[in-house]
Structure formats: structure tokens, C-alpha cells
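In the part that follows, the structures are each spelled out as C-alpha cells.
Presented sequentially are two complexes of chain A, the first with chain B as partner and the second with chain C.
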Partner chain A sequence: MGTMNILVGQEQGNVPVTVLKIEGDLDASTFKDLQDKAAELINEGTANILLDMGQVEYMGSAGFRAIHAIANMLNTEQKEGMYKSEHIKLLNPRGEVARVIKTLGFDSFLEIHEDRAVAIASF
Partner chain B sequence: MKLEQKTKILRSCQFLAGAQEEILLELANESGLLEIPGGNTVVTKGDAGSTMYFIASGKARVHDGDAILAYLTEGEVFGEMAVLDSDVRSATVTTETDSKLISLERDALWRTVSQSPAALKSIIASVLQRERGIVHEVTARTEQLLAYEKELEIGRRIQADFLPEYVPEIENWEIASYFEAAREVAGDFYDVFELKQGNYLAIVIGDVCDKGVGAALFMTLFRSLIRATCQYGMLSQEADLDDASPEHTIEVLQKSIELTNSYIATTHSKSSMFASVFFGVLDTDSGELSYVNGGHESPVIFRSGGEYDVLDVTGGVLGLFPWAKFSIASAQLNPGDFIFSYTDGVNEAKNESGDQFTEERIFEMKDFSWNDGNEFLDEILRRIHAFRGDAAQSDDITMLALRYLVV
Partner chain C sequence: MTQVFEYSIEADLENLKQARSFIESSGNALGVKSDTLGDLCLVVDEAVTNIILHGYDGRNGTVDIQMERDGDSIVISIRDAAKSFKAADVETPHLETSLREREFGGMGVFLIRKLTDEAEFSTLPAGGNELRLVKRGAFTSGSRNPP
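What follows is the complex of A and B.
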């Protein structure tokens, strides 16, 4: 079981974007912390979340389920032709995490960015 | 607290029921008095301890972490076990309410009660009584566990019905499968069934996230929805056609996956449960395979000439986002070709250092010569076991393979 830290940052693009920088392992022992942190921020008014995955070493299915749960919390009405969530996006997944995202086809649900500024401007 | 009051409390305890007045008085004289606010831990499991406690007032909780073993109130004792056998504390005791405790040291207890066989007798009786209580509790819990185990066994048997009992026999095709759950119930599934019209064979392999009962429940849901939507879709075709058209087959495949995805993503959204699914429809006459790969490990086609191709994902996992789209892709199988599909129990099998078996070791099977599909699957298993060494199987292992026979 891994350990994980979350650093919260606020950015202003076209809209306010909350950046959650995750450090460590996103697995069955830590996903709840991410989900709870996101729920707290959403309660306080956060509408757009960028998950900075650059420092995530491992992500298991619990991590993907947490991202889905957060996407649900941020849920807005589906627009015609919209096939990716507009309110939660991923930044810079690396190594094994990037491989699993590709294997599970999560890149077909979520926008994945490599550049922080571009990611923030995309919301 | 006065000596008489302490004596009165000690007298009321079953622990010292047989002790004469002078013994009680002597013990009271040797004892201390503690006032502990509610919520404080008095003894901690695993610690050494030489003090036992009589509850004069208040309430305490005997526990092991979150598991509560007992509640104790006025007239009851704790900490006596470590005092009697000099071992470490066997459980933690925390006050529930503000409590008054009379404390007694091991030396004082032994020194005093050793003068009184009657006092010793009641101490022994009270320890045995507690022991009997524990035996009773353990027996009750064991019975409960056995009942759960039986339920799980029923679940396992019912779940086995959600896997094909036998695979269809198709002219010019050989089908081999393997399924091994890591626990009693599994999240993996596979399915092979003929479609009602035309020479089409549906092949499905999937893996529900997570493990245990939750995954097993969703496995039955995914498997049933895929089979039902697919067969219903084929049946809905106009009855006067002898064969299903390839276009219709592809449409059925796509609809089936989309309906399954949107049903679970909508109805069971709160569970955030998903499955990776490879779903192919094979034209057994021509060898053309149309497929959707929803976030599943890429099946490998080992060509008769020694080359291999992988069938990459065409969409994400099923069950999360109702609006998700899945593309159809196709591949041509020729006589002598062999398609091997599997779940991540194969490529992510771990050895004791935590290294994974990986796809590369699956690709290496291209150089293995074999006569029938089961021999191929057995060899993969042999290699997984050899790689894994003494590390335990951590995930379900499922494999489904088809060979286009050369005739």
C-alpha cells in the first residue's frame, strides 16, 4: 500500500482551474483521500479540476474509479457531440501510469495534456 | 476515597468473591485510586503491565483497534490477565465515560491473596469464567464464518454458470479456454456463443475492476448484458434473410457494446465499477473478425508464418461514461492463424521482486511449437508459474484462444 500527497493550486485561465498535484501512489489505500479532497473543493465552488499526474508512480483501478467519481461530482449536462469531460483533465502522466491509461482507453474519456499552460487554457 | 469504600467496591467484584474481610481490607490498603476522563486508554495491547484495575464507577471498552471485544462497568475488572501470567496486555482498554478505577499492583495482589485459598479460588474461577466466555464467543464467530463461507461457495457455483459450460464446436475452428479465479469469486469472464443467423461466432473476454464479491456481481451483469443485447440484436433482423449481413453484424456488435456501457454507466454510476472488454464477432467462413476492444489487454494473432499482430484498444473501458464511443476494427484470420486473448492476470503476473510477466513474454510464444490450443495455454501457464516462483497468484487468470485450422 502506497502513500500519497495532494498539493492544491489555483490557476486562472478562461475560467478558474484548480490544479491537484498528486505525489506518490494512487491506489486502494489512497484513492479516498483524493476523492474526499476533490469533494471538499467542489463543495467550496471548484468547477474545473486539472489532475497533475507528473509525480504519480503507480495508479491502480481504484485511482481510475476515483477520477470517475470526481467527474461525476463535476457533472454538467452533456452537450451534443461531447465525448470527453470538460471539467476534469489530466496533466503529464508518465511511465507505467501512462501505459495503464492507454490500456484502459482512458484517453478516450479524458483530455490528457503535456503542457501545464496549454492544459489550463483548455478549460 | 476512604478505605471502607474501596473495600466495599473490592467486595462487590466477582474477582474477589471468596476473599475474607481482612484480605479485602489489606488489598484496599495496598491499592491506588485513579480518576480517568472518558476516552482515555488505560492499557494498550502488547504493552507489558503489572497493574490490574477494578472499576469503581464508569464504563470502559475492551477492544483491539476498531474491533470491540466487550464493555465493562462497575464491579468488573481488567488488566488481570497480564498481572496473573506476566505476559503482555492481550487487549486495549479505553474509558467510555469518566471513570474511577482502583488499581492494584501484581506484587501486592500475590502477597495478599497467597494467604487465602478462598481468595485464590475465586480469582481462578473468575479467570476461567472469562475464558469460557471467550470460547463461546469464538465458537459463535466460527459458526458465523462457516455460514459466510458456505454462502460464498454458493456464489462461486452460481458464478460458474455465467461462464460457458462448453464451447461450441465449429467446423475448421479450434477453441481453447482457461479460467482460474484468484479468490472464491472472480471479476474475469469470457464467453463464446454462436449467433442465431449466419456463420458468426461471438467471442468475449472481460475483466471487471477490483476483486471479490463486488467484482463478481458486476461480472454477471456485464456478461449477461453483452450476451442479451447481442443475441436480441441479431434476432431483430428481418426474418426472411438466411444469413446476417456483415453490415448488420457490425451494427449489432457496436450497439451491444454501447447499450451495455450506457446501461451500467447510467444505472450504476455511483459504484464507479468498470470492465475492460474485448468483444469480437468472427465470420467463421471467411475468417474475418470485427471487434471492439474496450480498454482490454490487446489480443495477439500469431500468424502461421511466425509473425504476430496485436488488436489494440478501440475505446475505453465499459461502465463509466454513458456517452463513450467505441470504434469497430477488423482483422483477417487465415488458416493456420491463432488468436490469443487474455486478462491482466497473465501479463501482470508478478514475481517475488514485483516485476511483471509483461506482453513481451506472450509475444515470445511465437517461437513455441505446439499441436493444439490447449498445449499453447498450458505452456503459457507453465511460463507464468516459472516466472512467478513462490509469489502468490494475485489476480484471476483467463485465456481464450481460437485457431483457424488448415484443412
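What follows is the complex of A and C.
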């Protein structure tokens, strides 16, 4: 079976940022774990999430579904039109994962960073 | 002689990784180029996920995957014995709308169509469905395996 681990870390930039480091495969058998973990953290007060994708080996549409759901949980402002989420950002997606992000147009809605410190400071 | 790679899994999301591994190892054996192989793993994962979630919908069943080379193309067929699937009923996701307004779902079929050259859904005479996928230009020039 596909396995996925989530490591949770706290960082302080201009605001507190929760870093979720995802390791393994983000597919239909695992995406709910990410969604549930994020929901739990948001319930406990997390307002900003950086998803560290550097160790994600595989991501299909289920992974996007989870990111989409988390973005909607965090974006409480009812903004109109096109904008990038200020509360969820991605760090370092690799290879095929980065390619699919573009194919699905998620790069229009999510900031994608390569440098962890820059990513944390951007919130 | 054409080499045909075949693999069957039980319809359980826990087996998705096995389906992807089958595509990866068969593709490597056939000499499929790396980017194309990544696309094929994704497309097969999406197709099998849909069969398990929407076709079998919790019932037991199997998914049979076949992969072979045809000239410069890779041809993959995925068969199931689930209820009939109508791809035309699946709405295309609106990629230009904001995340808040975007609907969940439909991304799998969108990716399958986007990342293959042909994606033909058909109902089998004896029941079940077949998805036939063709990806052209799947090999680097000078590939060791002749057409």
C-alpha cells in the first residue's frame, strides 16, 4: 500500500506558520489523513500552513483535493475573483508533482517556494 | 514478438501503489522515457481510483491492467467488471475559477484526457468497462526496443 507520513513543525515568521512536511505518496488512499491532520490543527488555532512537498514521491488529483479543502478551511475572507491564498503555500514540489501542479492550474492559486526561510517569511 | 505486461489488483485503494509500481516497472522494461512514464503512472492511478470509488463503490472486484508497445506508442487497457461508466457525464473542472469557487471532483478524468493522446471509454459486451489509453512518442529516439 502507499504510505504517507506527516511531520508537524511550528515556525515563527511575521506570523506563526505551521509546517507540514509530507513524506511518501499522496493518493486516494492517503489524502484524507492530510486533510484530517490539517483540520485538527486549524481547529486548534493554526491560521497559516506551509506544505513541505520535498519528500512527496507521488501526488494525484486526490492530493489536490486535500490541498483545495485545506485552502478553503483557511481562507475565511470572502474575497472575489482570482487571488493566491495567503494562508497556505507550498514548498519545494519536485519533478512530476511540480508538473501536475501546473497542468491542473494550481500554480495560479498557490504560492510555490523553493526556499524554506523565504517561504516562512512570506506569510 | 510484442511483449504484453499484465497485472490484476483487487479493487481496494490500498492497492493503488501496486498499480503504479506495475506501470513503472513495465514502462522501464519497455524503455519508456521518464516524463512519459510519470504521466502514465498518474493516468492509471486516476483511472483505477475512479473504478474503485465510483465503479465498484465498495463492492469486491478486480481491475485488470495491460500494457504494451505499439510502434512509438504505449497502449494501456484497464478493464473492470463494475457498473457502466459514462465519461461524458463527468464535468470538466473549471481550471480558471478561484479555489473557493472551484468544485471538487472531475480532475481525474480531466488528467486522463489531458495526459494521453487517446482515452476511449467503452462498455464490455459481457458487462464491465474498458478504458483504452494511447500515449504516442513514448520512447526516446534510439530506444533499444524496436517497434
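As a working rule, the second predicted complex is superposed on the first by the 117 of 123 C-alpha atoms of A that agree within 3 Å, B and C clash if a C-alpha of one lies under 4 Å from a C-alpha of the other, contacts with A are read in each partner's own complex, and residues count from 1 in each chain.
By our rule, a residue touches a chain if its C-beta (ideal position, glycine included) is under 8 Å from a C-beta of that chain, and two chains touch if they have at least 3 such contacts.
This one's a predicted model, so the numbers in the text were calculated from it and none came from an experiment.
K.L.:
Using the superposition on chain A described above, determine whether A:S61 touches chain B (first), chain C (second), both, or neither.
P.N.:
In the superposition, A:S61 touches chain B and chain C alike.
K.L.:
Quick check for you: in the superposed arrangement, does A:N72 touch first (chain B), second (chain C), both or neither?
P.N.:
both
K.L.:
Using the touch criterion from the header, give the chain among chain B and chain C with more contacted residues in chain A.
P.N.:
When the residues of chain A touched by each partner are counted, C comes out ahead.
K.L.:
Once the shared chain is lined up, is A:K102 touching chain B (first), chain C (second), both, or neither of them?
P.N.:
A:K102 contacts chain B only, not chain C.
K.L.:
Is A:R94 contacted by the first partner chain B, the second partner chain C, both or neither?
P.N.:
A:R94 contacts neither chain B nor chain C.
K.L.:
Output the chain A positions appearing in both contact lists, the one against chain B and the one against chain C.
P.N.:
Comparing the two interfaces on chain A, one with chain B and one with chain C, the shared residues are 61-62, 64-65, 68-69, 71-72, 78, 82-83, 85, 103-105, 108-109.
K.L.:
Over in the complex, which chain A residues touch chain C? Could you list them?
P.N.:
1-2, 25, 27-29, 58, 60-62, 64-65, 68-69, 71-72, 75, 78-79, 81-83, 85, 95-96, 99-100, 103-105, 108-109
K.L.:
Of all residues in chain C, which touch chain A in the complex?
P.N.:
It comes out as residues 13-17, 20, 35, 38-39, 41-42, 45-46, 49, 52-53, 93, 95-96, 98-100, 102, 104-105, 107-108, 110-111, 114-115.
K.L.:
Which residues, counting only chain A, touch chain B once they are in their complex?
P.N.:
Chain A reaches chain B through residues 61-62, 64-66, 68-69, 71-72, 78, 82-83, 85, 102-109.
K.L.:
Where on chain B is chain A touching in the complex?
P.N.:
The contact residues of chain B facing chain A are 209-210, 269-270, 272-274, 276, 293-297, 313, 315-317, 320-325.
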